[in-house]
Amino acid sequence: MPEQSLLNVENVSWSAGDKSILSDISFHINKGDFVGLIGPNGAGKSSLMRCLYRVNRPSSGCIHFNGQNIWQNSAKQNAQNIAVILQDHTEQLGLTVSEVVAQGLTPHKHLFEWDSPEDQQKIKALIEQVDLYELRDAPFNQLSGGEKQRVMLARAMLQNPKLLIMDEPTNHLDVHYQVEVLQKVKKLDMTVLASFHDLNLAAAFCDSILLIHHGKLLAFGKPEAVITEQNLSEIFNTKVVIDRHPLYSHPRITYAYHD
Amino acid sequence: MRVVKNILGLSALLVATITFAGSPAQRVIALSPHAVEMLFLLGAGERIVATTKFADFPEQALSIPRIGGYNGIQIEKILALNPDLIIAWEDGNKTQDIEQMEKLGLNVYRSQTRSLDQIAQELITFGEMLGLETKGKRAAEQFTQRLKRIRDVNQNKRPVRFFYQLWDEPLRAMAAGSWINTVMESCQGVNVFDDPSLDYPQVSIENVLVSAPEAFVVPSHHGTLNANADRWKKWPEIPAIANNHIYFIEGDLLHRFSTRILDGMERVCLAFDKVRAQEGAKRVANKSRK
Amino acid sequence: MPTMTNSTQNRLVAVAGLLLLIFSPLLAVSFGAADISFNDVFLTIYGYFGGESEVNAIKERIVLELRFPRVILAFLAGAGLSLSGAVLQTVTRNPLADPYLFGISSGASFGAVLVIASVGTASSMLSITGGAFLGSACSVLLVVSLAGMGVQIERMLLAGVAVQFMFSSGTSLVLYLSDPQAAASLLFWILGSFTRASWDNLLLPTLITTVCLFIFMAFSRPLRAILAGDENAKALGVEVYRLRIGMLLLSSLLTATLVASCGGIGFVGLMVPHIVRRLLVNQSRYTLIGSAIFGGVFMIWVDVLARMIMENSELPVGVITAAMGSLFFLLVLKNRSSAS
């Protein structure tokens, strides 16, 4: 186990009731990596991520962040290190964009601490950074999927974690926004773990990829190593052709649509 | 000729009486405590086959089987008892219950309790229904005479302003709209809550303070006092408190629509006399000082 | 007419709130059955602090011993119930949550009625209050245990409704079997009133309301995080389940204390947070303190109405709040349908 790994997952298993969802998963993430998590629906991607931000408690195995067991720290300390951007955005009882972004300060504030003027400045700057300044006082619920995603990104940036976890970040977005969000995130000085449905996006942006199937980790490594025709046809049950993207050096996956 | 006319007349009267009076009731169900009291007064207590909770006077009434209370009556049991007369109480029994009994073809008499004079009328009516007309008339006569006597004796006395504390938490008064007020009026009492459209309003200490009653009349409920006197001791600004004119009277004697209301009335008049006496004594004392 | 900007509206509301907070109690004290002017009130206070005052003694006593405690109790009840409602609405993410959600009021009525029925009409106010308190405590415990370990919101809401019905029917049963005089007392617990207010029984409600206010304000940030969803809040470092139970218990304590002092007063905890959220645009930070202030002032004036609307008697406060509550919801419905 190299000392510089930021996140270290060892032999983690988790079950929901009687059903085993994750079995014996081990991997590590180094600082600065952009790691993708891929696998078919129901493979356990979301469940695995929930283990990382402590919504699920593994039945066995352990998870270390910066050498410390995440279950030994408080929820607040963990939130200072790890931020999450989820797929679904629950109806936020009438909160505005600014107020949602401001939530990013929650792990960093004591009970009676108010938002300082510097905090207000930071919030404003981040909202500008995600191009939502005109909508800063708009009700969060009235935004489009893409806009909501950007608000959450701003919030995550305010939270200033060392590790950013994103659950299907490109799901509800137009292509333009998919690329934009991932580009923005890649530029941040943060380690990222994101799950993907779109394998081409994963291949394009990730430094390494985790492939999960039926709750087991089947492959972990550079995109070229993990995204192979054999792996994909087996796991996704579909015919693919893999070559190199014409503009860049990462793999390109082409699907066989007709018989 | 005159003899024949007399005989015919008498026969007609007899026929009429028999036709209209019907046969006197032998199995009576009395659905109110006051009806029970009146029936015993007329000597018909043994004819009561069932009654409701709280019929506790006279003592023999306690052994009569109960078939209900303020929350309703068991009509099936009533049917099973096969009564020939049911004395219901419009203000105290549920209207649905009364209507249901009437629909079932039972002989229901609706007793009304709106004014004191009705008490005498009820005694007469009960007498007729029970075949005890003479007793009924006599009891009514006695009641009316006694009531008149009390009223006459008190007619010219100085009015006394009183507060009738019906309940303490929440503080509730008996006001001029209630029939109980007529009892007080017979003793020349003047209710400080004199709005005739209210009967039992909720009031505050301030309302009582502002109306400055000379006397408090506090009914006790089933033997227990509910005065919460400590709260009032803090307010000697109220004349009644300063002069200690707080009078506890058994609630049943003031709230029950029976002949004992006159007992209650006499106690109230006694209480008011005491108020007047103290006033008079004070005046005499003041005069003699000059 | 040009619509004002949000920040202008917020500033106006804040100023209005502050003015109302300062002047309402003084003004409200001049209303009552006795003829006492605002001038009399002012002079009485002046006299209390050593100045010369020519107000007649009984008026002074009425102002100082009857009206002031009453106005203060009304403020506490309004503030406490609104605060409790705001917190519960946040913590359950349900805008229809209300302090009586967990059967607190029906538990209190049941406890009170049980004491009256068993001890009789001679039972002291202390024991009846104690019974009410125990009753509310029981309902809270029942709801929490029924809702289960996870304290999921839907289970909690359902459990609350179930417990409420249970205690209501229990109360009806006890009433059925007992003295009709018990029914007379029960009205107090169901409809509420501030007539009993006096300086000695203000200590407990004041203490508890103030402490709860502080605690709620301290937790306002994690509470707002819960608005984003349980999972989101956990990701922000909030101990969601612990916080939810804690807030529930605390607001139950607050509500039970208030019910024990003033009886059950409905709709305030439900209405006021809604109104405050509308008045203070985009200021979820201030919903809690805003609800407390607005709710307190509101209740002061509702109590004035309760004692002035009839010539020389009183209307129970709960009757007025219920009427206002129905109007309020009709308006909300109307707005919703015209908006869509």
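Every chain is named by a letter (A, B and C) in the order it is written, and numbering of its residues begins at 1.
Definition applied: a residue touches a chain if its C-beta (ideal position, glycine included) is under 8 Å from a C-beta of that chain, and two chains touch if they have at least 3 such contacts.
Model, not experiment: these values are computed from the prediction.
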Topology of the chain contact graph, where touching chains are joined (line, ring, star, complete, other)
line
Which chain's C-alpha centroid is most distant from that of subunit B?
A
Where the centres are mean C-alpha positions, what is the separation of subunit B from subunit C, in Å?
42
On a C-alpha centroid basis, what's the spacing between subunit A and subunit C, in Å?
44
Centroid spacing, where centroids are CA-atom means, of subunit A and subunit B in whole angstrom
82
Show which residues of subunit C lie in contact with subunit B when the two form their complex.
32-34, 57-58, 61-62, 65-67, 120-122, 125, 128, 175-176, 179-181, 184-185, 187-188, 193, 195-196, 307, 310-316
Listed in rising order, the residues of subunit B that touch subunit C in the complex are 70-71, 167, 169-173, 175, 193, 195, 198, 201-207, 209-211, 221-222, 224-226, 228, 234-235, 237
Note: in the complex, subunit C contacts subunit A through residues 6, 89-90, 93, 95, 217-219, 221-222, 224-225, 227-229, 231-232, 234-239, 277, 282, 284-285
Note: in the complex, subunit A contacts subunit C through residues 50, 53-55, 74-80, 82-84, 86, 88-96, 98-100, 103-107, 109, 111-113, 137, 159
